[in-house]
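Some structures are shown below for you to check.
Here chain A shows up in two complexes: once beside chain B, once beside chain C.
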Partner chain A sequence: MTPLAREGGIALIVLALLLGAPALFSSPAFEDFIIRLSALALFASSLNLLVGASGMISFGHGMFYGFGAYAFALLMQRTALSLLPAFLLTLGLTALAALLVGGVCIRLKTIYFAFVTLAIQMLFYSVIISWESLTGGDQGLRGGIPRRVIAGLDINHQRHLYQVCALLLVVGLFAMRHITASPFGMTLRMIRDNEARAAFLGIPLWRPKLAVFVLAAVFAALGGVLASLFVSGAYPELADWPISGQAIFAVMLGGIESFLGPLAGSAILLALNDIFTRITEYHGLVQGGVILLFALGLRRGVLDFLRRDRARGEAASR
Partner chain B sequence: MTKEGVCRRTVLTAGVASMISMPFVARGAGNAVRIGVPTVLSGPIALLGTSSRNALMLEADRINAGGGLAGRKIELIFQDGKAQPQETARIAREMINSGGCELLIDATPSSGAFAVQEVVRDLGVLCFHTGSETSSLTADPKLRAPTAFRCARQGVHDSIAGGAYLAQFASEHKFNKWATCSPDYAYGHDTTVQFLDFFRHFKPDIEIITQAWPKLGQPDLTEVITKLIQAKPQALFTLLYAGDLSAFINQGNVYALFGAMSVCTPNVDYPVLNAIKNLPDGIQSGTRYFEDFPALPANKAWGEAYRTRFGEYPTNWSWQSAASMMFLEAAAKKAGTADGKALVPVLSGLTIDCPFGVDGRITMRDDHTIIDYAIGWGHTIAKPPFITGVKAADWGQIIELETAWKKQQGYI
Partner chain C sequence: MKLEVRHLTKRFGGVAAIDDVTLAFPSGSLSAVIGPNGAGKSTFFNLISGAIRADGGHVLIDGEDITAHGQAAIVRRGLGRAFQVARFFPTMTVRENLMAAVAAHRGQWGDLMRRFPPPGASPRAREIAAMLGLADSSDRVAATLSHGDQKLLDIALALALEPKILLLDEPTAGMGPEERARMIDRVQHVWSEQKLTLVFIEHDMDIVFRIAERIAVLCYGRLLAAGTPAAIRGDPAVIAAYLGTEVLAP
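Now for the complex of A and B:
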C-alpha cells in the first residue's frame, strides 16, 4: 500500500469517527470544540507549512486568517452568492492577496521576512479598523452571516456546521500532508536546509517559496472562514497580531517536526483556555505558566517530544 | 530507561487527554435557574465587568432571599470573554450547550454583544444585553434577535438628551465656537457625529472650530490639549471615557484647560471621579450612575447597599445589570415560571418599579430596549456628591426624535 493510500485510509477513518461521534454521545460542547479546533488547527498547520516545511518564519500569517473571515462574511452579507461560490471565491481572493504579499516578502530572509510579514498584517489590521463603511471598523461585521443553507445542510444548525468543519479539517490536513510529502514538499525542505545547494541544483528559489506562501495563505483563510461561521461575523481581533501569536504557540506546543503537531498544539491551547477561563479569572497568568512549563519541559513540542522519547526508548532496548 | 520513557509518555498522554476532555463534562443543573454571564474580567475595562458581577450578585441574593424566581433559586455563572467577540461567543454557547445555563445576561461591550446576539439567535435562549449602548443592536430590525433584550442606555437616547442640554447651556452662555475631543475609533467618531447632529438640531448656529481624536489609552495627551487650547473654542465636547477621561482631566488641569474653555461630557462615572486628583468645578456632565439622581430613596438605598458590600461605587454597567435582574424577577412573577422562552412575550412591553427609572419606573419597549431610565445633566463640584444641579432629560422629546432618527435610518 502506498503512503498516500494509507494516509487517505486513516483520514477516512478519522472522518467517519468524527461524523459518527454525535450519534454515540451528543455533546454540543464537543461539537463546538471541534468547530473551533478545525479553524485553529487548519490555521496553525498552514503556518507550519511555512515554518516547519519551508523554514519561512512568518509573524503575520494571521492576516490571511482574518482575510478569509472578512472576505467570506462580506461576500455572504453583501452579495447574492450562496455558500459554496462565496467560499471558493474567498479562497481565490486570498490566493491573489497572498500572491501580492508574497511577491514582496519571499525574497527576504529570517528576521526580515518575519517582520515584513508582521508589518503587512498590521497594515491590513489598520485598514480593517479605518475602512469602517466596508468592515464595520472596530465593531466588526455584525448582523450575522445569512443564506447558510447548501445541499440540504443548514449551517445555522450546530450539528451541520460541525459536520462541515470536521470534513474540511480532515480534507485540509490531508491536502497539506500530501503537499509536504510530495516532491514539491521535498524541494521546500531542501531549500529550508540548504538554500545555496538548492540554487546550485538549478531550483529557482522564489517559485516554490511563493507557491507555498500562497498555499499556506489559502489554508489559513479556510480556517478563517470556519471561524467566521462560528461567530457568525468577522471581527478585527481575527486579523490582529495576537492571532498570529496563537498559531505560533500552537505550532510550538504541538511540535514543528511532526505533521500533526499543530493540530495537537491547537487542541491543547484551546483546552487550556477553556479550562482556565472557567475556573479562574486569572486565567492568563495560569495559562501562561502552564505554557511556560510545556516550553521548558518539552522544548520541541508535545508530539516531537513523544516521537524522540520513543526513538530513544527503541534505541536503548536494542 | 525504556520503562521510564513509557511512564512519562503515559502520564503526558493521560494529562493531555484529560485536559481536552474536561470542557465537555457538563455540570448538573439541579432545580436552580442557572444564568450564564459572559463578561469582561480582564484588560482595561475589567472594572465594568466586575461592577456588573457585583450588581448581579447583589440582586441574585435579594431575589433568592425572597424565594427565588418562581420558587427556583438563581445561580450565576460568570466567565471572562476578554472583550474578544469570538471568545465571548464561545463562552455564551458553552454556557447554554454544556454549562446547564438556561438564559444569559451578557455584560460585555458592543463588540461582544453583537457576537452574543448571533449565538442567541441560533440557540433561541432569553438574553439581556447590559453593556452595549450601540443603538442598532435593537433599533435595526435586521439585527434584533427575538429573544434578546437590551437592558442598557442607548447611544441615540444620550445624544438627544445631551444635545438638548448642551443647546440650552450654549444659548445661556452665548457659546457658539465649539471643539470636540473623542477617542479615535468607531464609537468616538459615530457618537460624536450623532451628538453634534442633535446639538445642531436644537442650536443650528454652533461652529465646530477644531476636532481632536486621541488614540484609545493614549498616555500622553499634551499634544491634544495644546491643540485644543490654541484653537480657543468657547466650549469643548468630549466623549473620552474611563481612564482616558480621568487622564484628560488630570493632564488638562496642568495646562489650565478648564480655565480656557467650558468642558462638557456625558461620560463621567464614579470610577472616573475617583481617579481624578483635582476635579474642576463646572464641567457639564451627564449622569451615568448617580446615587442622587433620580432622587429616590430606593436609588440611594441601592447605591449604599452596593458600596457597603463591595467597598466601591457602582458604575453605569452596575445599574444596567441590576435592572436586568429586576426585569427577570418581575417577568417570572407575572408568568409564574422561570422558563426563559415563556418570559419573552411577558418582557416585551413590561413596565417595572425600578430605582433607576426617572420616575421610579422603567419600561422594556416592544423593540426590546428600555426607556424612561434616568438621564440627567448637571455640573461637577470638587467634593461628593461630585455632580450637582442635575436636570432630567425629557423622555417625550427623546422618543419623538428617536422615532424620526429611526425613520431616517430606515429601521421603521
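Now for the complex of A and C:
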C-alpha cells in the first residue's frame, strides 16, 4: 500500500469514528472539546508547516488566524454570501494577505523574520482595535453569524457544528500531511536543513518559502473560521499576539518533528486549560508551570519524546 | 565545457581577496588551485559559482558571460560545486539527500501532486551513490556519517546536477592519509567517467603534483602562476612565495 493510500485510509477511519461517536455516547463536553481542538490544532499544525517543516520561526502567525475569523464573520454579517462561498473567499483573501506579508518577511534571516512577523501582527491588531466602524473595535464583531446552514447542516446546533469541525480537522490535517510528504515538502526540509546547499542545487529559495508561508496562512485561517463559528463572531483576542504564543506552545508541547505533534500539543494545552480553570483561579500560573516542567523534563515535544524513546528501544533490542 | 575568468576582482573592505585574476580551464581538464591560507581560493570559487558578487571582471562558461547570473541560473548552466565544510541535509538519509537533489535538478522541487520521491529519483540516486562508494551507507542519516563520507555526500549532491564543470573546495580537508587516498581515487574516477571540467583546491602538494594536469597558484588574491605541474615546480616566484625548496627534489 502506498503511504498516500494508507494515510487516506487512517484519515477516513478517524473521521468515521468522530462522526459516529455521538451515536454511541452523547457527550456535549466531548463535542465542545473537539470543536475547540479543531480550531487550535489546525492553527498549530499550520504554524508547524513553517517552524518544523521549513525552519521558519514565525512569532506572528496568529494574525492569519485572526484574519480568517474576522474576514469570515464580516463576510457573513455584511454580505449576502452563503456559508460556503464566504468560507472560500475568506481563504482566498487570507492567501492574498499572506502574499503581501510574506513578500516583506521571507527574505529576512531567522530572528528578524520572527520579530517582523510579530510586529506585523501587532500592527494588524491595532488596526482591528481602532477601525471600530468595521471591526467593532475592542468589543469585537457581535450579533452572531447569520445563515448558518450548509448542506442540510444547521451549525447553530452544537452537534452539527461538531460534525463540520471534525470533517475540516481531518481533511485539513490530511492536506498538510500530504504537503509535507510531497517533493515540495522535501524541498522545505532541504531549506530547513541547509539553505546554502539547497540554493546551490538550483532551488530559488524565495519561491518555496513564500509558497509555504501562504499555505500555512490559509490553514491558520481555516482554524480561525472555526473559531469564529464557535464564538459566533470575532474578537480582538483571536488576533492578538498571545494567540501566536498559544500555537507556539502547542507545537513545542506536542513536538515539531512529529506530524501529529501540534495536534497532541493542542489537546494537552486545552485539557490543561479546562482542568486548571476549574480548580484554581491561578490557572495561567499553574499551566505555565506544567509547560515548563514538560519542556525541562522532556527537552522536546511529547510525541518527539515518545518516538525517540521507541527508536532507542528498537536499537537496543537489535 | 570551458571555464574562464577575466580580470576577476573581489574586495572585502579594503583588502582584495581576489585581485585581477585571468585564467582559463579547458574543457575536460583536471586542475588544482593552490595557495596559502587566506589566499582567496574559496572566494575564487564563490565568485565563479555566484555565491558572492564580483566587484569587477567576468566569469565565462563556454564563452558565455555568467557573471551577473544568480546561483540557480549558474547551476542550470552546468556548474556544480562542493564546499570546504561539507554541506548536505543532515536529518535526511544519504538516499533521501540524493533523491531530493535529483528532484531539484529535474525541476520537481515544487511538486505538490504526489508523494516524495518522484518517479525515477531512486534509481538515479542509487547510481550516484555507487559512483562515490556511498551505496553501503544509503540508509544512514547523513549527520551520523564519518567526516570523509560527508565530504563524499557533498560531492554526490553536486553530481546529482549532472554538471559539466565541477568545483571541489578542499575535498581531502581534515582527513587521514587512507581516507585521503580513497577520496582522490573517487575524484579521479568521477572526473574520467563523467568527462568533467574539474577544478579542486588542495593543500596536499603530493596529491596536487600527482594528479593535476594544470595548477594555478594564488597568493594574497593575486595569480602568481598557472601552468603544468612541471612549469609550476620550476617557477621561481612560486618557489619563493609558497613552495619553498622541499618540493624541488622529486
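By definition in this document, the second predicted complex is superposed on the first by the 318 of 318 C-alpha atoms of A that agree within 3 Å, B and C clash if a C-alpha of one lies under 4 Å from a C-alpha of the other, contacts with A are read in each partner's own complex, and residues count from 1 in each chain.
Heads up, the rule we're going with is that contacts are C-beta pairs under 8 Å (C-beta built on N, C-alpha and C of every residue); 3 or more make two chains touch, one makes a residue touch a chain.
A quick note: this is a predicted structure, and the numbers were derived from the prediction, not measured.
Student: Once the shared chain is lined up, is A:140 touching chain B (first), chain C (second), both, or neither of them?
Tutor: Touch status of A:140: first partner only.
Student: Per the contact definition in the header, classify A:235: touching chain B only (first), chain C only (second), both, or neither.
Tutor: Touch status of A:235: first partner only.
Student: Examine A:187 and indicate which partner it touches, taking first as chain B and second as chain C; both and neither are also allowed.
Tutor: In the superposition, A:187 contacts chain C only.
Student: When the two structures are overlaid on chain A, which partner does A:104 contact: first (chain B), second (chain C), both, or neither?
Tutor: After superposing on A, A:104 lies clear of both chain B and chain C.
Student: In this superposed model, does chain C or chain B come into contact with more residues of chain A?
Tutor: B
Student: With the two complexes superposed on chain A, say which partner A:88 touches: chain B (first), chain C (second), both, or neither.
Tutor: neither
Student: Report for A:227: first if it touches chain B alone, second if chain C alone, otherwise both or neither.
Tutor: first
Student: Is A:197 contacted by the first partner chain B, the second partner chain C, both or neither?
Tutor: The answer is second: A:197 touches chain C but not chain B.
Student: Per the contact definition, I'd like the list of chain C residues that touch chain A in the complex.
Tutor: Per the touch definition, chain C meets chain A at residues 49, 51, 70-72, 75-76, 81, 83, 87-92, 96, 99-101, 103-105, 108-118, 154, 157-158, 160-161.
Student: So in the complex, which bits of chain A are touching chain C?
Tutor: Contacts found on chain A: 2-4, 178-179, 181-187, 189-190, 193-194, 196-204, 207-208, 211.
Student: Which of the residues in chain B end up touching chain A in this complex?
Tutor: Those in contact with chain A are residues 1-2, 5-6, 8-9, 12-13, 16, 19-20, 22-24, 26, 41-42, 78-80, 82, 84-87, 89-91, 93-94, 97-98, 110-111, 114-115, 117-119, 121-122, 134, 136, 140, 142-143, 185-187, 189.
Student: Going by the contact rule at the top, pick out the chain A residues touching chain B in the complex.
Tutor: 27-30, 32-33, 36, 129, 132, 136-140, 142-144, 156, 158, 227, 230-233, 235, 237-238, 264, 267-268, 271-275, 277-278, 281, 283-284, 302, 305-306, 309-310, 312-313, 316-317
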